[in-house]
Amino acid sequence: MTRPASTTTELVAGPLLPTGAVSRRPSSLSRLRRHRLAAVGGLGLLLLALMALIAPLLTPHQFDQMDLDSMRQPPTWRHPFGTDDLGRDLFTRVIYGARISLGTGLCSAAIATLVGTTIGAVAGYFGGWTDNLSMRLVDLMLSIPLLPIVIVISAVMKPTVPVLVLVIGLFGWMVTARLVRSSFLVLKAQDFTLAAQVIGAPPGRIIVCHLLPNAVAPIVVAATLSVGSAIILESILSFLGMGVQPPTPSWGNMLQDAQSTMATKPWMAIFPGLFIFISVMCVNFLGDGLRDALDPRLRV
Amino acid sequence: MPTDRAFETSLERAKEFLGLRRMNRRDLIRFVGGTSGLAVLNVYISACTGQPPAAAAPTSAPPTSAAVPPTPAVATQATAGQPVTGGVLTIGYDAEPDSLNAYTTRLFASTESGIHEGLIVTNDKMEYVPNHAEAVPTLENGGVQLNPMRVTYELRPDLKWSDGQPLTSEDVKFTWQAIVNPNFKRGGFNFGEGYDLIEKVDTPDPRTAILTFKGNYAAYNGMFRALLPKHVLDGKDINTDPFNRVPVSNGPMRVKEWISGQYSQMERNPFYRVAGRPYLDGLTMKFLTATNTRINQLQTGEVQYINQVPWDRMEEIAQFPGVAIQSLVVNSWEHLDFNFRNPTLQDLAVRQAFAMGIDKKSIAEKVLQGKVPVADNVVTPLSWAHNPNVTKWEYNVEKARQTLENAGWKAGSGGVREKGGQRLSFDCVTYAGDALRERVQQVIQAQMREVGIELRIQNYPPNTFFEQVNDGKFDIKIHRWISSAEPGFASFFASDRMPPRGLNNVFWDNAEISKVFDEADREVDQNKRKELLFRAQDILARELPTIPLFYRPNVIATTAKLKNVRMNPTNDGDMWAVADWYLER
Amino acid sequence: MGAYLTRRALGLIPMLIAISAIVFGILHMIPGGPLAVYLENPYITPEQIERLRQQLGLDQPLPVQYGLWLKAFVLGDWGYSFVSRRPAVDVVLERVPATVQLMGAAFVLAGLVALPLGILSALRQYSKLDYFATASAFFGISMPVFWFGLMLQLTFAVWLGWLPSAGMIEIGDGSLVDRLRHLVLPATVLSLLYAARWTRYVRAAMLEVINQDYIRVARAKGLYERSVISNHALRNALIPVITVVAVDVAALFSGAVVTEKVFAWPGMGQLFVDSVLKVDYTVLMGILMVGSAAVLAFNLVADVLYVALDPRIRYE
């Protein structure tokens, strides 16, 4: 994302909604805070990813190593997170679970965000028939139920994890598209857009360099939320046989397994839930940081 | 430390926004504390006027009528004490029926068994007992004659429908005609091929119905589990008639109303054939599909009976005060099957390795908490056709490995055995979403790894599962079959019953057993039939197209005040004797 | 604007028909269909299944089946449920009141929480309230609904006994108080999810707006803070919020499956999932048609509201 060459556009480039130069820039203290949070988020995600990759080095047990004599044990030194219904070490499973859950969550959120942003931007900027068609496509996709699709797919082909990621991604872009489009509808009516058009900037450049940075805020929120919901959705779908098959752990399906014993043995649900929570938080902080980095206001 | 002015001013702004500008911190705390205190008080008051806490009754030893060991947490149900008339029982049921007409319902359910009665019913000991018929017709008592096969049912005197109209043999004839009517879209479980084999039904007098069959049909007593009232349904389209929702019935209860998605209410049938019964004034059946919710409602006392209690929650529920558990092994067995279309699985040694490599005892005791009996035979011990002397395969990992070695399957890459380029690696399928079954599957996967066989798990939702299976798209499958009191397992193993013609979805083509089944289906003499079926079970245990794992108990949990509940191991359902249930004061 | 509206409104019907065709096709790709339930049944012969298939008209080519369905559907005949043999229109529409009650209550609760919390969170960014709100929102989206539902059910119904654990009414009661008592837990569980989402959007949008010049001007003019926020800031911040709310409200019709299961609420979510698992074509088409009509309608409403909130938006 290069800086716009002309200062005119910079001065007039406003935030997401009605124009106005920023009269009160966020103080340096809060800027530092944001940086720190973004750094924490990024670091957190990196650590989680690293943890997922080097899982075999970190874990004393196998994720499918059963011990039928110590099922559903609370946390102990040998099993820091306790054991599950088949005596498998939960710590190990949570770490291996990151591979599936984090991977699925991030990839499908990325797909959804990319597809949604592209379609929404094009629809919002060009308007007319492009807008009409795109939004009707959105309506169509919103009307098609996910569940039957999943069942059909799992019958027709082997429902593996990449298929799962694709499905979740392709059924999650619609909200982002509508958000981006509505932002662009507002931004299109601004003077700075007109100015950029007048000086002959091509639509692509306008969209990417001028409009998109201002529309980032709701995209970030949508992306964060879709990471969390993708992880949960993955568990619901694996409940139907699509995606991760037992004994491969994922945070979502560990939560599913913990359903019947939630009241009496809460650790089986708490740890995977905690990791989902942490992942979502990290993505959000990172996203906030990204928004601030892209926000033209803060550069002047 | 530099204060950030932004914060102070934004706090001010926030307070303004809430109209709290003039309050300082102390006032704010008082305000918040006061309102929340009032709120709590309010909730508390309304809670006190709500339901009273469940009376803590002493925990009785949980009863059972399981005839098969081991089930340590259960004991025999006490039926001592005088039955008391009165009270409405609230039931939490796991599924809503699709129809209360026994012939249009697709479910293996039993909700309608408290409403409808047929000619014969199977009791909790798997014996045929007469309901509306006066006696069970057999060869011995002359009720059945051969060449051609004729079965005579004598109805009891003075039978009535729940609307007061008399029930006669005309209704029996009408029921048959309705079922075989080509326009009738048959429902499900409650009918067999028998009705199509009936040539005619004669009704010489209102209490006698004589069924003439086209050929010999051994399972005649399994028919007519419910009767359809001619005076209500004659000339109507049975498929869509409101009768399916609120039927006119002849059982101890009759339907009062059925609110879709929520509950149905049944009340005592004043015209029931046994005077003074049922003891209960009525039944309310709530549809609670989520297991946790059913259990929670039992705990709060909002329901007094729940069905489909998962085996791994039995001990927990037995601890609830005032609650009793009943468990009964039914005609259902869980099994692991092989696909004979896979040439590797045609090798008997491989199947034997499975039989010896699965530690059924361990699974039953640890994973299923000792609540299920291990099975070595597809026929449950409750059935008269159960052969107790079939070959039993003991868990022996060494022997399993040895058998494979001897057959030429040597250890290969990844610990998976191979021979001539083929690896012992199989796709293993079962229902997705069934937690206990998935656990069993994973344990078996781990156990087979010890022997050198790799199982790749691929589960499907139930609908898809059967499609895939019947198309042969699997190597190993794990699921259950249910059968009626009639040990009709020919449909699973006979050569001519492969899908779509039958349920032999192991695709096993064995001439020997097919011949045995053929003879058994036509043998009306119980003893000769027993011999044939024994032979069939021997063949199954030897050839191992399937490995029976365990028998499945049905478990219910009720308030300890509910007495005389006798569970039924067949598809006649647990409400077959609801007339005898009563609630203690 | 008028022309745009007319165009959109006219486009609704063809859109619905197109969606119905696509959905019909997808549903018929589900293996087995409504007769798959008999595959497990040892007593039904294949001849009987085939005969049933013919009687139910399932053996005809797909376009023919679709044509027949469409012709009947536009005349108000939704066919008979394959599961219960009742008219599909009854089966679907009788669930609407319960669904509307639950979702309506959940939306109202969610809105009551999300709006003030989001605004305050933005006004007091990085304060304790903001962190609390943020953390709660993430908690709301990290823990699945069945967990909340179960926890609340156990706490309030089983352990404390303050509220009924499931169902819509106490059989034999049915008074307003009774209904409200049954509504509390499921509506709360459901609203947590929406509140979590909407709070994030409100907060993000408000953050974008409050540092603007014109807000400063409004404050400088001496307006009460409340007026500044509601009249000036909120209007502009609402556009993304309306987008999300419109989509969520339209999803009402297949929405709250898990909540409905846990609290035995007879809503359309449960009906939808049951119908999918049993492949009940007629009921499914009914539900999905209602659902897509809702999607189309609410997205149209949202598009109109954009213009109301920001007059500079123009549709060509």
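A few points about this structure:
All chains are identified by letter, namely A, B and C, in their written order; residue positions are counted from 1 within each chain.
Criterion: a contact is a pair of C-beta atoms (placed from the backbone, for glycine too) under 8 Å apart; a residue touches a chain by one contact, two chains touch by 3 or more.
Nothing here was measured: the structure is a model prediction, and the numbers come from that model.
When the C-beta pairs in contact are tallied for B-C and for A-B, the bigger tally goes to B-C. Of all chains, A has its CA centroid at the greatest distance from the CA centroid of chain B.
Chain A and chain C have Cα centroids lying 21 Å from one another. For the pair chain B and chain C, the distance between C-alpha centroids works out to 34 Å. Our note on geometry: chain A versus chain B, Cα centroid distance of 42 Å, whole angstroms. The set of chain C residues touching two or more other chains comprises 30-31, 125-126, 150, 154. Annotation for chain B: residues touching 2 or more other chains are 292, 461, 463-464, 467-468.
Within chain A, contacts with two or more other chains are made by residues 24, 26, 30, 151, 155, 259, 262. Listing the residues of chain B that touch chain C in their complex gives 7, 10-11, 13-14, 16-17, 19, 43, 46-47, 50-51, 53, 90, 98-99, 104, 106, 182-183, 185-186, 188-189, 191-193, 239-240, 244-245, 260-263, 265, 284, 286-290, 292-293, 296-297, 299-300, 302, 461-464, 466-468, 470, 481, 483-484, 488, 491-492, 499-503. Touching chain A in their complex are the following residues of chain C: 11, 15, 18-19, 22-23, 26-27, 29-31, 125-126, 134-135, 138-139, 141-144, 146-147, 150-151, 154, 197, 200-201, 204-205, 207-209, 211-214, 216, 236-237, 239-240, 243-244, 247, 250-251, 254, 272-273, 276, 284, 288, 291-292, 295-296, 299, 302-303, 306, 310, 312-316. Remark: chain B residues 2, 4-6, 291-292, 310, 312-313, 316, 362, 366-367, 432-433, 435, 438-439, 441-443, 445-446, 456-461, 463-464, 467-468 touch chain A in the complex. By the touch rule above, chain A contacts chain C in their complex via residues 15-18, 20-26, 30, 33, 127-128, 131-132, 135-136, 138-140, 142-145, 147-149, 151-152, 155-156, 174-175, 178-179, 182-183, 185-186, 189, 217-218, 220-221, 224-225, 228-229, 231-232, 235, 252, 255, 259, 262-263, 269, 273, 276-277, 280-281, 284, 297. Every residue of chain C that touches chain B in the complex is listed here, in rising order: 30-32, 36-46, 48-49, 51-52, 55-56, 80, 83-86, 91, 94-95, 98, 119-120, 123-127, 129, 150, 153-154, 157-158, 160-169, 171, 181, 224-226, 229, 261-264, 266-267, 270-271, 277-279.
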